[in-house]
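Below you'll find the structures, each written out as structure tokens.
What follows is chain A paired twice: with chain B in the first complex and chain C in the second.
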Partner chain A sequence: MSNVVTPAILHALLKGAVLSVELSLLTYGLALLFGLIAALMRRSGTLVVRGLARFYIELFRGTPALVQIFFAYFATPQIFTWLNRLVFEPLSGGRVLLPPHLSPFAAAVLALSLGYGAYLAEVIRAGIESIHKGQAEAAASLGLSGRDIMRFVVIPPAVRLMIPPFGNYALALLKDSSLASTISVVELTLSTERAISYNYQPAMMWAAAAVIYLALSMVGSFLFSYLEVVADPLRRRRRRPMTRLAATDEEVGG
Partner chain B sequence: MRSARMKLTLGALLALTLLLGGTAAAANLQTIQKRGYMILVMSGGYPPFSLFNADQQLVGYDADVAKALAKQLGVAARVDAAEFATIVQGVQSGIFDVAVASQAYTPQRASAVDYLDHPYHCGGAQLFVPKDSNVTDISQMKQPVAVALGTTYEGWLTKNGYDFKTYKDDPTGIQAVQSGIVGGLVTDLAVGSYAISQGAPLKPVGDLLYIDLANVTVSKDNPELKAALNDALVKLNDDGTLKQISMKWFNQDIVSRCFDMPITTK
Partner chain C sequence: MTAGEGGPLIRLEGVEKKFGSFRALRGVDVEVARGEVVVVIGPSGSGKSTLIRCINGLEKHDGGTVTVDGTTIHNTSDLAEVRREVGMVFQQFNLFPEMTVLRNVTLAPMRVRHATRKMAEDIARRLLDRVGILEQANKYPEELSGGQQQRVAIARALAMEPKVMLFDEPTSALDPEMINEVLDVMKDLAAQGMTMIVVTHEMGFAREVADRVLFMDGGRVVETGTPEHFFQDPTEDRTKLFLSKILRH
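Here is the complex of A and B:
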């Protein structure tokens, strides 16, 4: 029983936790980007653009994250082979552009960011559409340009509404990053499994993993609570009474 | 409108399925030699055949044999771990060049990947139960037994009508035994014995359920790679390397007595 909690096991868990955080942050950044693009496309005037965004959102919201991860890892080699042979090699004069397959980490990031991008797209769209049309019309009648209407009238309160669901999805993503363990990304869950196969202490090790996930998600939770305050001029003013920004927002009516 | 869209979606899915019906190009011998290293896969959850040591390095009998095979082919070895049930598709799709993952022969697997001509070790299926259990034979089991998903042990339990639960590998199955979810575990005798030597609170009971041979597999339609690996494996057996690796991990020879048996031996 000398190998219950060795420095090596603690080190492995910490390394796993770091990888979980890296995976989640990178994925969330990409998901925000995909979500923003898809949300803007969904508001496009062109039917085809709208349809593409709708297709993307439905496809990724309607399939399990685990299936997406397996697809990204096990099915992309065939798709890459096919794309190389039929598209990239003829276009680039015989050069093979796509790798034979994705690394487990890349496959997990790709699958999870596309999946979460679909959810975030709907959060962003809902945020924008929740701002009453009258506000934009009022701004237009005061002579603001279309760009300024978005910048000063629609986006600030819309973003404020988006922050709580953004926080929800960030925490959900942190936990879903454990799915990457199935394709051998050695994040926190897989490090824990491997440690158990070494020290045979499932109860203690799974409790430790849960505590680490909980600590990480609490950090995320506090961060998003703080963002809520920052994005709200009234609450922000209570903290820093004399800021110029708060006054500006109030003039605009935020 | 709705049904038109449905038709479009179904059509797209069908097209996708047809598109993916082909096979990915697995790396052939030249590609591997040009790349300079060979990617060999094992489960990492089958100690002492493949396991992660305290430094999180993939080691074990399978890992050593994998490195020896790559050396024979004059390339470096990169040993990767993947869940056992995903190894065949990983080799099929060319993510891995070779599986040195203690795979027994099944006709289904043989239709998806190619087996080398010789096994590289042999053992037997054994029932393990908690140390304090009164069970002395698999027929007395009142609870289901744990077994690793996609293994021939699972196939044998199904065929013989025993109640079982599948887990992704043996260490996870042992967790289930420890927590009382299952009454025992069926795996290779050497694997269970090693777990016991490392502190798993189990004991083997009853005779071997059956004997099985473990094999190396490669993707189909890769004759040169397969031939080169066949030569390499025979050389490793003839010069005593396999026996030496076996002595290192098991203190006994688990290769010589079965190396020349047909791989379909049951």
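Here is the complex of A and C:
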């Protein structure tokens, strides 16, 4: 057995898992940013802005993540060459501004974050639109500004509704990060493949990879369940010790 | 020009409102004096809610003028000024579910009037006491009954110290046993001299509290008068027909 699971192999799997987590976290952060921008653009009063957001969302929701990753990695060198030649060189007096190609890691982050941004944009939009119009009207009738209405009345309950779908997409993204293996990002899936070429134990190694993905997913899942509790004022309060509750009731009475 | 203290607090002149091709208001003229309690009744779709929603600009009127305490609504800054003076209570309460009762009441004074938290909370506690739910101050809206929620909504509107209160069917979403607790708060408010416009189907409230009843149908004010005149001796056939339908039981 000792020649099957060597420290080197364990180390490779661990490094792969760490890279998978890094890739997923960075991608998810960017996806949230793209999603927020696209969701705000979709609510814009300008038709062109709305149209651009719609185009982005449809384009990335309607094409496979693997194609997006291949495009980001294999098509960008050609496109960067054209852009350098046609746009940046003439404008900057002969300097080449774009790199010859993206690193595999950068290409994977770019493709996956744009793709997941499109999904998250719809989650954010649906969350905002699901808030009862009456609450915004009540706030307006009290004289609150449009900004304050969004900040205090619409966004807090909307975010609470967004947490479960945010969690779903976070877990989906963690699993989709394995697609980066196809463009030679040595994350968990590719390091597993490489380890198997040393020890010839596919059953054990793929099972190990699956267990690691599952463990990471469960951490994410617990995290989002916790966020749901934190975001819900009633459930949050039930977690507080009773002495604290009694104290606040007294304060009000006094 | 601002109206003097003696002029009407609210003046609507020839107000028109369309939803697509549907004319919700067809040239409505209404004046409400300071301290007056006006109850608006009429069949559904007659324009009652639209009328009061035009007063604080929740619906933008398409024609005519709306003037509140000397400010005619032309643009958003007029509207902001009017909204500070006009409180509104809704059929569905529309409390903010993420905030405690206390925070529901203090939000607007703190954000709009720039009151300190201490000041806003003092005012809020006084108002919650006045509507009889001070002990619920730290609860969340969904923990309260409908009647309690509506009383919080009244306190929330009063916290801005409005000159007039609009009530849009405030008891229509309540269970029958909770209607009176809300109507009692409203009666109290009227007795203390608050100017009020109340859209309601509670004819008992209209009889007892209203200085004037306004009957609307088809986007027009059909008839207006004291409750005595209105319930005992209405002039218009449409008013008689409506009253015969709702007062049969």
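Everything below uses one rule, namely that the second predicted complex is superposed on the first by the 238 of 254 C-alpha atoms of A that agree within 3 Å, B and C clash if a C-alpha of one lies under 4 Å from a C-alpha of the other, contacts with A are read in each partner's own complex, and residues count from 1 in each chain.
Basically, contacts are C-beta pairs under 8 Å (C-beta built on N, C-alpha and C of every residue); 3 or more make two chains touch, one makes a residue touch a chain.
Model, not experiment: these values are computed from the prediction.
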Would you check which partner chain A:R61 touches, where first means chain B only, second means chain C only, and both and neither mean what they say?
neither
Discussion item. In the overlaid three-chain picture, which partner chain does A:R43 touch, first (chain B) or second (chain C), both, or neither?
Written reply: neither
- [ ] Considering only touches as defined above, state whether A:P157 meets chain B (first), chain C (second), both or neither.
- [x] second
Winner on chain A touched-residue count between chain B and chain C: chain B
- Query: Of the two partner chains, chain B (first) and chain C (second), which one does A:L234 touch, if any: first, second, both, or neither?
  - Reply: second
Both chain B and chain C touch chain A at residues none
Residue positions on chain C within touch of chain A in the complex are 56, 58, 80, 83-84, 86-88, 90, 92, 94-100, 102, 107-108, 111-112, 125, 134-135, 137-138, 140, 142-143, 153, 156-157, 160
Within their complex, chain A touches chain B through residues 1, 3, 6, 8-9, 12, 15, 70, 73-75, 77-82, 100-101, 182-184, 186, 191, 193-194, 196-200, 202-203
So, in the complex, the side of chain B touching chain A is made of residues 19-20, 22-25, 27, 44-45, 47, 51-56, 80-83, 86, 89-90, 93-95, 169, 171-172, 174-175, 178-179, 195, 198-201
Chain A residues touching chain C in their complex are 132, 134-135, 137-145, 148, 152-153, 156-157, 160, 233-234, 237, 248-249, 252-253
